[in-house]
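There are two complexes below, and they share chain A, which is joined by chain B in the first and by chain C in the second.
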Partner chain A sequence: MTRPIYLDHSATTRVAPEVVAAMEPYMGDRFGNPSSLHALGREARAAVEHSRETIAMHLGANTKEIVFTAGATEANNLALIGAAFASEERRHIITTAIEHHAVLHTAQWLQSQGFPVTVLDVDAAGRVDVDAVRQALREDTLLVSIMAGNNEIGTLQPIQEIGTMCRERGVLFHTDAVQAFGKVPLPMDSVDLLSVSAHKLHGPKGVGFLYVRRGVKLVPLLHGGGHEGGRRSGTENVPSIVGLGAATEIAFSEMEKLATRLRGFRARLIEGVAGIPGTRLNGHPTESLPHIANFSFEAIEGEGLVLKLDELGVAVSTGSACSSPDLEPSHVLRAIGVPMSTIHGSLRVSTGRGTTPEEIEAFLEHLPGAVEALRAFSPFKVGDRRVH
Partner chain B sequence: MTRPIYLDHSATTRVAPEVVAAMEPYMGDRFGNPSSLHALGREARAAVEHSRETIAMHLGANTKEIVFTAGATEANNLALIGAAFASEERRHIITTAIEHHAVLHTAQWLQSQGFPVTVLDVDAAGRVDVDAVRQALREDTLLVSIMAGNNEIGTLQPIQEIGTMCRERGVLFHTDAVQAFGKVPLPMDSVDLLSVSAHKLHGPKGVGFLYVRRGVKLVPLLHGGGHEGGRRSGTENVPSIVGLGAATEIAFSEMEKLATRLRGFRARLIEGVAGIPGTRLNGHPTESLPHIANFSFEAIEGEGLVLKLDELGVAVSTGSACSSPDLEPSHVLRAIGVPMSTIHGSLRVSTGRGTTPEEIEAFLEHLPGAVEALRAFSPFKVGDRRVH
Partner chain C sequence: MYTDRVMDHFRNPRNMGKMDDPSAVGRVGRVACGDVMWFYIKVEPDGDGREIITDVSWETFGCTAAIATSSMVSEIAKGKTLEEAVTITNRDAAEQLGGLPPIKMHCSALAADALNEAIYAYLTERGREIPEALAKRHERVAKEMATLDKRYQNLLEAEGEQTGSSQ
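Entry: the complex of A and B
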């Protein structure tokens, strides 16, 4: 298979060669279990703790505040379920309509277990209104969970203001920072719980962490040997934790430079796509993650466009990879009010560390023809307002 | 660090070079997200499903019955919590006093959530009595969870009889097969739920699976994108799932031959240790996993012996790696009635694929001197019945 032009970095990323190199010894000679007393075990323990220190340092956190998990889905579940089951009196949870399903479906499950949930709307650009959060806060609100930056449309949320407001009311504030961590600075002072995944960051799949501010009580999701300070049992995934540390190190060392570069790509993508008739940008034009641009195309199906571009050697997506197999329109695009005439025709373009200007131009050269080809076979027309 | 004589395979194992080789492409060029529609995504999906087919084939299971998890702790938690929360009327759970903490602590947590739990005793060799299980079954029993082979003392359980009896009563039967999978044949016909971890099997850490018999309902532990047929959300850990498949392939291709070899090592270890005064074998002499032998030494601390042997280049453990850091006596040794005079002086020796006869002999040469050296400094004497 020829290596495609990969513009789907929000779905997953290639593990950086430096990260693979850091991991490999822990699958080979350094394969010990960190709980073992002998030298191989102590060496593995040291590697896990070194990774924890790297992450804590970049976040300005204490090492005890980092709980390694099998990824962000687990981190999000641990944040919400763990806080809910640990809460003695407060039971109310606030979240938004555009959260990742790992937050939204977890909140829905908690609702079925007797925890009332308020799901806030967002505006047409995908922004949550700070005042709407304030008005939703109740005496018995235990947790507000609002993502830092959206995984489909890129919109950044005012998490600093929201987190500060929560802190003043004694309400826990959780943010899903899967797409934001290592891409934009995070207001850690305002956050109690923060979820991160390695594989969005050129780290390995199957590992992530939950930042848990000192003093925040969680009931563990996984019971057992009492690893991670009793908050997450299960033998530590040493090579992957080492990889997450290495990926964090790389991401933070180049964050500003990379963000500037990716913002440039985003601006060029917006400009380039605007030249095609019957398109719109979904999400906020500027208050956005640097690497995500989401567009709608009238009179075509996003899946068709993804497959057409795939034939041309370009890998993109219609939205969240997690929901790609179902054909339901994106809950994020519905929440921002994308008209039914274009909601099925969405395309998420997400750039990354390896993206080149040449790749962006090649994509923009392929795109109009691909769109045109699909529209030629479509029963709908540009400007058509019928629902398809 | 010189490579030690590694006799701690029950704690974890080196990832086999063939397994690493199988994984590497999926951290490199084949890094796609299996939920992505494009070629990179489809290639990752194919790899995950190929691994699922390999595992299902060796278990005589259907591919839909294999749910990948982040390891056996998660699989055990999913089995118990998932079945408990999915149960409409039955609420009673039966387990044993010698389960891994991932089962025992999960059962205890469920008890705190209103699910009554019966914890069965075992005999002096660590065997569960089938009649005791029968007598413990109640009208409202939903699940029996009994491990296939114990991780500290190696004792095998009569899971076929117990599972069959459960089936007749409409009770789910779960077995933690972490130490047994790939080592001894498993009576899949009698099992509804079965937990496996890759890293005990020369596969990577951070991945495992739960076998879920068709028709068994589970509430997911991790809510989100609905992966694994809605039973376990979270981006599939492609390289590790591929590694688990490769490790399974290797384990099943050599199972009988390896088991015979490891049984020979075990017999030699038992014979060799018996020559040291003040020792006992913990666990069943013959109804045992082939790779685990557990001994008690009077008048010494197991931790001291592990560290002494570590200095001599031999890696062993006092028992479960998961509990090594705490100094509580092993719950397994307490359950089989090891006297308090020797319960702190336990040593688990666990062999594996790479173990050689020379390593066994080297260990047996080092051991008497190490025991003697520690006893020389001990305030206790062999034959002493005082509790220490």
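Entry: the complex of A and C
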């Protein structure tokens, strides 16, 4: 198979060769258990702690504030459930309608366990209103969870302002920074809990961490040998944690340069897609993660568009109903009010470290033909507001 | 997830597009749920006075499975008598495509329904008697569409003027 033009970096990324190289010894000779006293164990412990130090350093955090997890789904669960069950009096949780399901479904589950939950709406560009958060805060609010940047439409949230406000009110602030970490600077001073996943960062899948500000109490989800300061039991996934450290190192050393490049790609994508009739940009034109651009195409459906582009050697994704297991369009696109006539024709294009200008141009060359091919047999025409 | 035959019909859809002078049209689906199919039929008598579907075409808004089954149903229906065509089911189309993922069976159902609706429209418009099976199927389809309309009416009304960053 020839390598496709990979424009689906929000879904996952290729593990960087440097990361693979860093991980390899820990799947070979250096196989020790970090809890063992002998030399092999100490070697593995050193590797885990080195990774923790790298992450802490780049975040301006203390090593004790980094808890390794099996990815961001776990980190989000630990943040919300851990904080909720550790809280004595405060029980109310605030989040937004466009969170990843790892936050949204966790909040819904907590609601079923008796924790009141407020889900805030966003505006048409996907932004949360700081005043709406302020108004939602109650005497008994324990936690606000708002993502740093959205994984479908890229919109950035004013997390610094929101986090500062929460701090003043004695409310914990959690942010799912899976898409933002290593891409844009994070206002750590305003954050109490922050989730990260390695595989969006050219690291391996199934590993991530939760940053837990000193003094924040969490009840563990996993009980056992008391690893990670008692907050996450289970023998450390040494090779993956090493990979996460290496990926973090690369991401932070390149952050500004890469973000500038990706922002350029995004601008070019927006410009290129605007040349096709019957399209719209979903999300915020400028207040966005550098690597994500989401579009809607009138009169066609996204699953077919993804497969048409796949045939042409381009990998992208869609939030269409037909592509989802519950046959409902993306909750994010619904929350920002994408019209019914175009919500099914969405396309998410997400760039990464390996993306080249040539790939962006090749994609923009293929796109109009793919859209045209599907429009050729659509009962709808561009500009139609009919729904049947 | 799709068979080679599904992908072949998706890549090279047969009989696609609008028909200029159809004998009748069948329309099913709602864009709000992501799938809409229109089937056009041309009906002509053969030498023995039987009514033959001499031409079929379709316009479909939907997923890969919806497009492939539209194409397949149109192939199956072409050249059939009206009596034969009303017996075409979504299972026939799915089978000839080498199977569909279970979650995609409803897309193939739409294609068979759209063809049926076209035949129903053909007979009704000419004041002809409707075979019982066809009438039943039409009733079911009409009911489904009404349910969908009800479900999405509020959403559509709520939509009003869009403030999104359209371009």
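FYI, the second predicted complex is superposed on the first by the 378 of 388 C-alpha atoms of A that agree within 3 Å, B and C clash if a C-alpha of one lies under 4 Å from a C-alpha of the other, contacts with A are read in each partner's own complex, and residues count from 1 in each chain.
FYI, a contact is a pair of C-beta atoms (placed from the backbone, for glycine too) under 8 Å apart; a residue touches a chain by one contact, two chains touch by 3 or more.
Keep in mind that what you see is a predicted model, and the values were worked out from it rather than measured.
Once chain A of one complex is fitted onto chain A of the other, the partner contacts of A:M340 are limited to chain C, with no touch recorded for chain B.
Of the two partner chains placed by superposition, A:G369 touches none, neither chain B nor chain C. By the touch criterion defined above, A:L307 lies against chain B and chain C together after alignment on the C-alpha atoms of chain A.
After overlaying the two complexes on the shared chain, residue contacts for A:L222 are found with chain B alone; chain C is out of touch. In the overlay built on the shared chain, the residue A:G354 is in contact with neither chain B nor chain C. After overlaying the two complexes on the shared chain, residue contacts for A:S320 are found with chain B and with chain C alike. When the two structures are aligned on the shared chain, A:P329 is found in touch with chain C, with no touch to chain B.
When both complexes are overlaid on chain A, the residue A:P185 reaches neither chain B nor chain C. In the superposed pair of complexes, A:R14 makes contact with chain B only, with no contact to chain C.
Taking chain A as the reference, the larger set of touched residues comes from B, when chain B and chain C are compared. On chain A, the patch touched by chain B and the patch touched by chain C overlap at residues 303, 307, 320-323, 325. Those residues of chain B that touch chain A in the complex are listed here as 1, 3-4, 6, 8, 11-15, 20, 23-24, 27-29, 31-33, 35-41, 43, 70-74, 76-77, 100-102, 105-106, 108-109, 197, 199, 204-207, 221-227, 233-240, 303, 306-307, 309-310, 315-318, 320-325. Within the complex, the chain C residues that touch chain A are 2, 7, 10-11, 13, 16-17, 27, 29-38, 58-64, 66-67, 70, 103, 107, 145, 152, 155-156, 159, 162-167.
Against chain C, in their complex, chain A makes its touches with residues 123-125, 270, 273-274, 279-285, 299-301, 303-304, 307, 311, 320-323, 325, 327, 329, 336-341, 344, 374, 376-380, 386-388.
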